[in-house]
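So that you can tell them apart, the chains are marked A, B, C and D in the order they are listed, and the count of residues begins at 1 in each.
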Amino acid sequence: MTERINDPNAPARRDEIEGEGAIRGTARMEAFADGVFAIAFTLPIVEIVLPSTDSDGALLGAELGELVPEYAGYILASTVIGLYWVQHHFSGAIFRTTGHWFVIATVAFLAAIGFIAFPARVLAEHFADVAARPAAAHYWVISLTLLSLTWLLKWSVGVSHGHIDARLERDYAERLTRNFRIVAALNVVAAVLVFFHWQAGLALSGLLMAWLLLPPETPRYITEAPVIEGEG
Amino acid sequence: MTERINDPNAPARRDEIEGEGAIRGTARMEAFADGVFAIAFTLPIVEIVLPSTDSDGALLGAELGELVPEYAGYILASTVIGLYWVQHHFSGAIFRTTGHWFVIATVAFLAAIGFIAFPARVLAEHFADVAARPAAAHYWVISLTLLSLTWLLKWSVGVSHGHIDARLERDYAERLTRNFRIVAALNVVAAVLVFFHWQAGLALSGLLMAWLLLPPETPRYITEAPVIEGEG
Amino acid sequence: MTERINDPNAPARRDEIEGEGAIRGTARMEAFADGVFAIAFTLPIVEIVLPSTDSDGALLGAELGELVPEYAGYILASTVIGLYWVQHHFSGAIFRTTGHWFVIATVAFLAAIGFIAFPARVLAEHFADVAARPAAAHYWVISLTLLSLTWLLKWSVGVSHGHIDARLERDYAERLTRNFRIVAALNVVAAVLVFFHWQAGLALSGLLMAWLLLPPETPRYITEAPVIEGEG
Amino acid sequence: MTERINDPNAPARRDEIEGEGAIRGTARMEAFADGVFAIAFTLPIVEIVLPSTDSDGALLGAELGELVPEYAGYILASTVIGLYWVQHHFSGAIFRTTGHWFVIATVAFLAAIGFIAFPARVLAEHFADVAARPAAAHYWVISLTLLSLTWLLKWSVGVSHGHIDARLERDYAERLTRNFRIVAALNVVAAVLVFFHWQAGLALSGLLMAWLLLPPETPRYITEAPVIEGEG
């Protein structure tokens, strides 16, 4: 995968690139990804089980309070999926086209997004049980690491196949690539660490998620800033 | 969070704003939000359990009739999520760009939208049990209040970070902000009231939802009315 | 609700109409509706229960065969929701704007779309039981009638609030309105008939669904045919 | 279904074609399809059952490991749905318009996409049981064949009703049609073969899925390559 040199003034569609199927704009790939994100984000609510109407009604308040681990699982999944969506939304302004291998890599990343609510529930619902904590932490941290690696894969395929907006400053995209590699590497560290000291692995993994809360660097363009999605 | 003064004739994209990542149009954020709304709106149907095919077939009609609380939960969730979607759809014509903190606040609001079908079921399915009513009402009113507060958060972040369409009359956006603050404050009142007199709290909360049925004020523009989404 | 007379050459956005909130193009309302349709269409798969891995593996083929009522429910729901989506897709080229009451009516129609998979399962899964057939038929036909009435409501609100593309020939929209009224009226007839002779009510209801298989009349424009969604 | 000869320089919208309802661009049909794909892709996660919090917490790691068949079912469904989405995404650049029968055929294809996660679970979760393997393989291969046939139906209806972009080289679309026919025919061979030698049928079916991993041929245009979705 060699990085292609783009002419910043060339049109986005480049059919002269053989072997990639139809090079398209990013709108529909973003739409599919937004759909998967939206569903993964919303589905966890079906896992919260309504207190039975057969039990004593006066206990309903207490029963709703006992659902705290379920609420925590919902919030944890929302946070991780939401923060990745924010990062994905941001990167949608960085890429300008899609091609075959880029959409394949995106599908792999989205499969990991669709899965992540399950480990979130494992961690949240089993955390109250001291004996279950180490296994729950292993599972969660490894899952987050796989998610981070599929993100790096998607990004790297997009960059190496020339889908980055050629009007961006070259340094800018390189800084992003370096950042994503560092984060993925630290996630791998967390996934190893969690087997030696699960609290430390979990903490490192949590810090790496918190990093996504920070706003990414503003894009810098060689030419004038383009308008993204008819902003009127 | 200071309100930025915009030149109404400036382009929507303002890359000179540092520390916000890529400022983008609202199309994809709206698409993600529409996805979450659509899923939250449609998912509750999976919670209605089909009468068993093992029981006497002649009883099917009666069994379907006994599902009234489930139907009520479906309708209640549809109403709340639908009305918030209408308000969100409306506000999509008010904002012109997105940025990092605005999408973060939107994610928080959407997590509350995704959750609201659960309290709707709690209220609808437990309401027939007199002993369960107060707790069900507490839970429902508090959930609606949290939803209302996340809406105000999203709106306020959008406004204070300069994402409002600068071509709108300044007074117009200020009136909307005031309205949303009043509604959120009244929701907080309802959430306190419901612990003293659950019927009153529930009634106030219901009135605040009914307010969403009223059409919002038509936007007023400084310059000529812009075309939103290529209306040809 | 009086029908407004539109100038066909006027722009789609008409902010001079007071009391309707922001008049917008149909893109985002269609997107929300497409989302609800897509979810309602796809969700029924979760209701098909996998044969248990605890039973004798040699019986798997037979167990999968016994799921025929579940498959029928899936196909029935897909057919009804799919055909309504086709009709909705078609009408998306007829409307040009949205407003407050039109989106409210659309939400009511979409709540009925989200619900329809449940009656489809009631009919398909209980049909094998002769004693359950009348009640299943009542439930299904009434549900389809309510769906048909919400469609008529949505259409009528859209037409009466001036959201129809003013470039269409006036006769064209009037013919569509008449057709939808006839179909809704016949659905009401089916919903009454099903209580006297369930087979006849079911048959009439089925014919009315089959009517949606027929292609609708091609739109006729006063001015030249507009391009819908940048078709390049 | 006779293939219509298109003037490559004609506009995409051709209202003079009677009996097809409103001919529209592909944007909204793609959006509905993307929605169904996204949901079908993401839903399988709800089928993975969380280990009970009532059992011994020290066993959690082992219980999570025993879910391997469930993980395999998730990955299998993601792979098939993901690869079909990639193919569908590609073909979205080939079609230029939609019409009544094309959307009907698309709905049939999407119903098959929505269903395919169920056979994936049948194969993955029952594969460990030697006695269940043949029936699981029959079910899976037949389901994939039906999916392949609905794809061919959708493609053929799109081509024969003149929805292909007329600016494409005629040979190009014909090569694609021939390829899809060969793949569908080989899927039918696999569906027959699987009843005589299930391992061979399964292997052939797997190879046909793997074929989707290969990038499709780059489109060739008579006129200059068009820009797809405003790529600015």
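One rule holds in what follows: a residue touches a chain if its C-beta (ideal position, glycine included) is under 8 Å from a C-beta of that chain, and two chains touch if they have at least 3 such contacts.
This is a predicted model, so every value here is computed, not measured.
Student: Answer with same or different: of all residue numbers used at the interface between subunit C and subunit D, are over half used by both copies?
Tutor: Different residues, largely: of all residue numbers at this interface, under half are found in both copies.
Student: For the two copies subunit A and subunit B, what rotation in degrees overlays their C-alpha atoms? Round to the nearest 5.
Tutor: Subunit A sits rotated relative to subunit B by 90 degrees.
Student: Go ahead and note the Å separation of the Cα centroids belonging to subunit B and subunit C.
Tutor: Chain centroid spacing, subunit B to subunit C, equals 25 Å.
Student: Averaged over CA atoms, how far is the centre of subunit A from the centre of subunit C? Could you give it in whole Å?
Tutor: Taking the mean C-alpha position of each chain, the two centres sit 35 Å apart.
Student: Would you give the residues of subunit A that are in contact with at least 2 other chains, written as numbers and ranges?
Tutor: Where subunit A meets two or more other chains at a single residue, that happens at 31, 35, 38-39, 43, 46, 226-230.
Student: Flag every residue of subunit B that touches subunit C in the complex, lowest number first.
Tutor: Residues of subunit B touching subunit C: 30-31, 34-35, 37-39, 41-46, 48, 50-51, 53, 56-58, 60-61, 64, 74-75, 78, 82-83, 85-86, 89-90, 92-94, 213, 215-221, 225-232.
Student: Which of the residues in subunit C come into contact with subunit B in the complex?
Tutor: Interface residues on subunit C, with respect to subunit B: 11-13, 15, 17-25, 27-29, 31-32, 35-36, 38-40, 43, 46-47, 69, 96-101, 103-104, 107-108, 110-111, 114-115, 117-118, 121-122, 125-126, 128-136, 138-139, 226-230.
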